[in-house]
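Take a look at these structures.
Consider the two complexes below, in which chain A is the common component and chain B and chain C are the respective partners.
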Partner chain A sequence: MVENRPFVTAVSHLTLVVGIGIVCLPLWIAFVASTHDVSRMFQSPAPFWPGTHLVENYLAVLRSGIGQSANAPVGTMLINSLIMALVIAIGKISISIVSAYAIVYFRFPFRMGFFWIIFVTLMLPVEVRIMPTYEVVAGLGMIDTYAGLTIPLIASATATFLFRQFFLTVPDELAEAARIDGAGPLRFFRDILLPLSKTNIAALFVIQFIYGWNQYLWPLLVSTKESYYTVVMGISRMVNVVDAAPTWNLVMATAVLGLVPPVIVVLVMQRWFVKGLVESEK
Partner chain B sequence: MIKRATFRGVALPYALLLPQIAITLIFFFWPAGEALFQAVHVQDALGLKTRFVWFENFERVFSDGYYLASLRITAVFTLASCLLAMGFALLLAVMADRVIRGAGAYKTLLIWPYAVAPALAGVLWGFMFNPTIGVVAHALDAVGIKWNYYVDGDQALFLVTIAAAWKYVSYSFIFFLAGLQSIPRSVIEAAAIDGAGPTKRFWTIVFPLLSPTTFFLLVLNLVHLFFESFGIVHALTQGGPGRATEILVFRVWSDGYRGQDYGGSAAQSVVLMAIVIALTVIQFRYVERKVHY
Partner chain C sequence: MATIDLVRVRKTYANGVDAVKGIDLAVADGELIVLLGPSGCGKSTLLRMVAGLETITGGEVRIDGARVNDKEPAARDIAMVFQNYALYPHMRVYDNMAYGLRNRRMPKAEIDRRVRAAAETLGLAELLDRRPRQLSGGQRQRVAMGRAIVREPKAFLFDEPLSNLDAKLRGQVRVEIKRLQRRLATTSLYVTHDQVEAMTLADRLVVMNQGAAEQIGTPDEVYSRPASLFVAGFIGSPAMNIVEGALEPGGARVRLGGADGPALALDGARGAAAGRALKVGIRPEHLVASSNGPLALAIELVENLGADALLYGRVPGGAALVARADGGAPHKAGETLRLDVAPRHVHLFDAASGRRLDG
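Up next, the complex of A and B:
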């Protein structure tokens, strides 16, 4: 702080508290609703203070979904989401780090050609080319498989771009020294480059885990069987129940379960995540 | 672009590139090619024959009044939620940069919505604004506003906009805070010694120095809102009531998947690709400029 102005400081704190109140309100309302029984959900307005049915509601959705229109248990959905998020995060990081390594540290024919093949995908998300991608995946028989859920989303250049930028900042002397000491390319990669990339890998893991967990449109198309539902797409099936008012207490319990894992990942790895986000996008 | 010290070998770099290139070709270039192909063809009713029709699909798309309305809705929605999110984020970032006590806790409590899926953001806001039991809807009723976003298109668009803005506040907040913290303290202190108060300092020093961050965030937020909002719209309004919230990405999906109009959907995909490529070029030119700065 530059000067001591108690009034301005107080206003700052007040603004932040109000801001946080607004930001956190939707989560609070959802959490509160998930602690009441269903009869309370028919009285308007929805409750503002927690009730007593927390454990009961959460166990119910985990074991058997919300019981309407044959939904999968949320436990299954959470496992599917976890598989999807982990495969996408780990898959993306692995294929990008090796391809960035090839592009930065090797001279070979058509290097720039490959570079452009990868980087042209940089900002073209799956939503844009959704129908043709769906048809390709359907043609390959990958509907209702974990491979179909994950592999098409691994094809993106953001991670490769980040690793390339990072490798370019690694001093040339390291590679020279490694070569003089007789280390081959794989040895150099494993013993020098990989340990240096740890922070970047951690940051990317957070970003890609969230990306994978939060996928919505893709699983909506690819998962037609309930056993392949992910929690984020499964919940929209619960909200859009046509014949009856949704059982909001159970829907909100599912929503809380669906957002807590990625939020925990962000909060636990906050330091790497913020660093990675700011660096990877700049 | 390349290191001074490189390794020799031809087979190894190809092997290292193989997984990414294979996935990119199969799941990116093939579908993109398919989209281009379908965009200039029409299928007969049985889906057996396709006919080359030049730009008929594009003409059909652009002469559709609903598509033009969808363009307008998308523009209103992305711009409004982008400005809302960035304005709110900047305000909070400036305040968080000022305070010393509790700064860490404030930051943590403000960044978590980044992790919430757009579809879940839609569900949470839909519940608060639910016309029958929503807390906020009830409060609005109490002050005399008839709230029912199921039937009122403007209200539905408003709700989708603030739900999206909420989701992107934390993203902008992180960047603004990083930008603010990289402004040299000495500049601010010099201005303070010369007698400039906090407001004056903000508009004459801090805000201009933040402009690279602001511009960068504007482009990125627009791109994110453009594409990731499918989940918000699908979970909240399904494009309704009466197409009032039918943004472009939603239409690509609903024409292709529900309407089975592959040619029209593909033509729209091509239009979207052109928009993103334009935004990417803007972004890159800007990034290049900053690198040589």
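Up next, the complex of A and C:
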């Protein structure tokens, strides 16, 4: 809407500034807390401006963790989280794009049956199936492995469904033209469908990367060794210390570090989104 | 260069619908056959069966004498131009044309030569690096043609290739297609619902209705001797007048409408059809003004189209007729105009079967 009314402009700016303030204040406080020493964190009021211990705090958590129940260095946790998020995102996209391809482009017995089975699992969050899944993973000896962390979360009805909807919008004639041009099913998938899905893949990658990164309950269950801790569960373990107050400055430093990779992914992939939205291909 | 033979080709869908009910057609080498009919008549289904995109449920399709019923589309060596062109949106024009050749593992130099030659022919040389969405409708259509040409296939299959173009461009591209097909002398099947396209392009026409071929013949045959009421009504604009009629005793003349209707001479006695319910067909353009003609048309409405005028009216006996007159002719509603028609332009059809009756 293009309007030239100063009052409306002022109100909308005010609304936006307040909104941004509400979103950013907790992040600012977390950052500020990560720059003070531990004694300052127990004085009232809590600090609002950065202190002088930034480098010291961050180096401490990256190298050695913070003792007590969370000894693993945050660097290791970050790498674990990164592996988990990447494997889940890439795995989900690969599996669901292939299943969507099968469901949309091939006629086989019980095709719709399979589709509905996948579709119904959309309604089941990880938490609902967590006990049986744990049982299976434990039975296969996958506790404390990267496979155990990632494989159970890879199957994705959402992504399959999204790719299916996208494939249905691709004109049938494109597949027919490719058939006449001598492209078999695999070649059609690789040369035509995959390039056309680029922007969808980028969008899903962002969503699934963040989904994988933010997993909490599942890593908590299947990792018992500190070398397999992820950063999200690591933070919560840091807070649950026995017989002592949490070292909030270090916890917050970890939280800020845990925030950085998803932000980078969003910033980098954002350009792809916008490109996909602006030059819509059809 | 190839012949295409259809032998009692049928298509029955799983739900029992007969889309194509046994078509026989022999397409000679280099011939352009147009499949014409209203939507849903099975013409596209028939074309897609030749292409291999639909399974054939009965009969045989032969290309160059060899049965191709169970061959993949790519193995039939045909090229198809789709209504929406089906260009690959993410590929440059060059790659769109080269894609089918690369899949056939043709040497790069040969691909390049063919693509550039086709682009030259079609006036696409400047556009080879563009993507389809940067092209106009007419240019996309030409790329689709180019993709077919570079393959140098045995046959071209066109599925309503002009219906996404505006009227002016359509006429222009139609001429280009005709010229190209003549020059390459490639056997072609062309599906359309537009009779102007069909009449101008076709060496022979197949007029289809409800999955069956009503008539197969040259445009001239189909126009001047329609084999059935359906063909008579479908070909020609404005549509042929079709009125009730009855043979006079002896069968040399036919009376339009009721007992007091005018009688018209025929170009041959139809004694065998005496007593049967008949339909009489007369094209508006064959009704000519004649001071002592047998038809006294009481004009009810005049539509002036510029070049000519359509006169709507009735003759004694109640039969409604449309006649075409020159645009400048001073006819008005309420007047009576005497018209005549040459005996060879009076078509008789059996009312029950719809088939043409010849003398």
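The definition used in the following text is that the second predicted complex is superposed on the first by the 265 of 282 C-alpha atoms of A that agree within 3 Å, B and C clash if a C-alpha of one lies under 4 Å from a C-alpha of the other, contacts with A are read in each partner's own complex, and residues count from 1 in each chain.
Just so we're on the same page, a contact is a pair of C-beta atoms (placed from the backbone, for glycine too) under 8 Å apart; a residue touches a chain by one contact, two chains touch by 3 or more.
Just so you know, these numbers come straight off a predicted model, no measurement behind them.
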Superposition on chain A - do chain B and chain C clash or fit: fit
Winner by number of chain A residues touched, once chain B and chain C are compared: B
Touching partner for A:D191 - first (chain B), second (chain C), both, neither: second
Partner chain(s) touched by A:V128 [first = chain B, second = chain C, both, neither]: first
Degrees between the directions from chain A toward chain B and toward chain C, using C-alpha centres, nearest 10: 90
Chain B versus chain C as contact partner of A:V104, first or second or both or neither: first
Contacts of A:L267 with chain B and chain C, given as first, second, both or neither: first
Partner chain in contact with A:R179 - chain B first, chain C second, else both or neither: both
Minimal inter-chain CA distance - chain C and chain B, angstrom: 6
Where chain A meets both chain C and chain B, residue numbers: 176, 179, 281-282
Interfacial residue positions of chain C with respect to chain A in the complex: 51-53, 72-74, 78-80, 82-84, 86-90, 99-100, 103-104, 133, 147
Contacting residues of chain A [partner chain B, same complex]: 1-3, 5, 8-9, 12-13, 15-16, 19-20, 23-27, 29-30, 33, 41-46, 48, 94-96, 98-99, 101-109, 111, 114, 117-118, 121-125, 127-137, 151-152, 154-155, 160, 167-168, 172, 175-176, 179, 184-186, 188, 210, 213-214, 216-217, 220-221, 232-233, 235-236, 239-240, 245, 248, 251-252, 255, 258-259, 262-263, 265-267, 270, 274, 277-278, 281-282
Chain A residues touching chain C - in the complex, by the definition given at the top: 171, 173-174, 176-183, 187, 191-192, 195-196, 279, 281-282
In the complex with chain A, residue positions of chain B that touch it: 1-10, 12-14, 16-17, 19-21, 23-32, 34-35, 38, 88, 91-92, 95-96, 98-100, 102, 106, 108-121, 123-128, 130, 132-135, 137-139, 166, 169-171, 174-175, 178, 185, 188-189, 192, 198, 216, 220, 223, 227-228, 230-231, 234-235, 238, 249, 252-253, 256-257, 262, 265-266, 269, 272-273, 276-277, 279-280, 283, 287
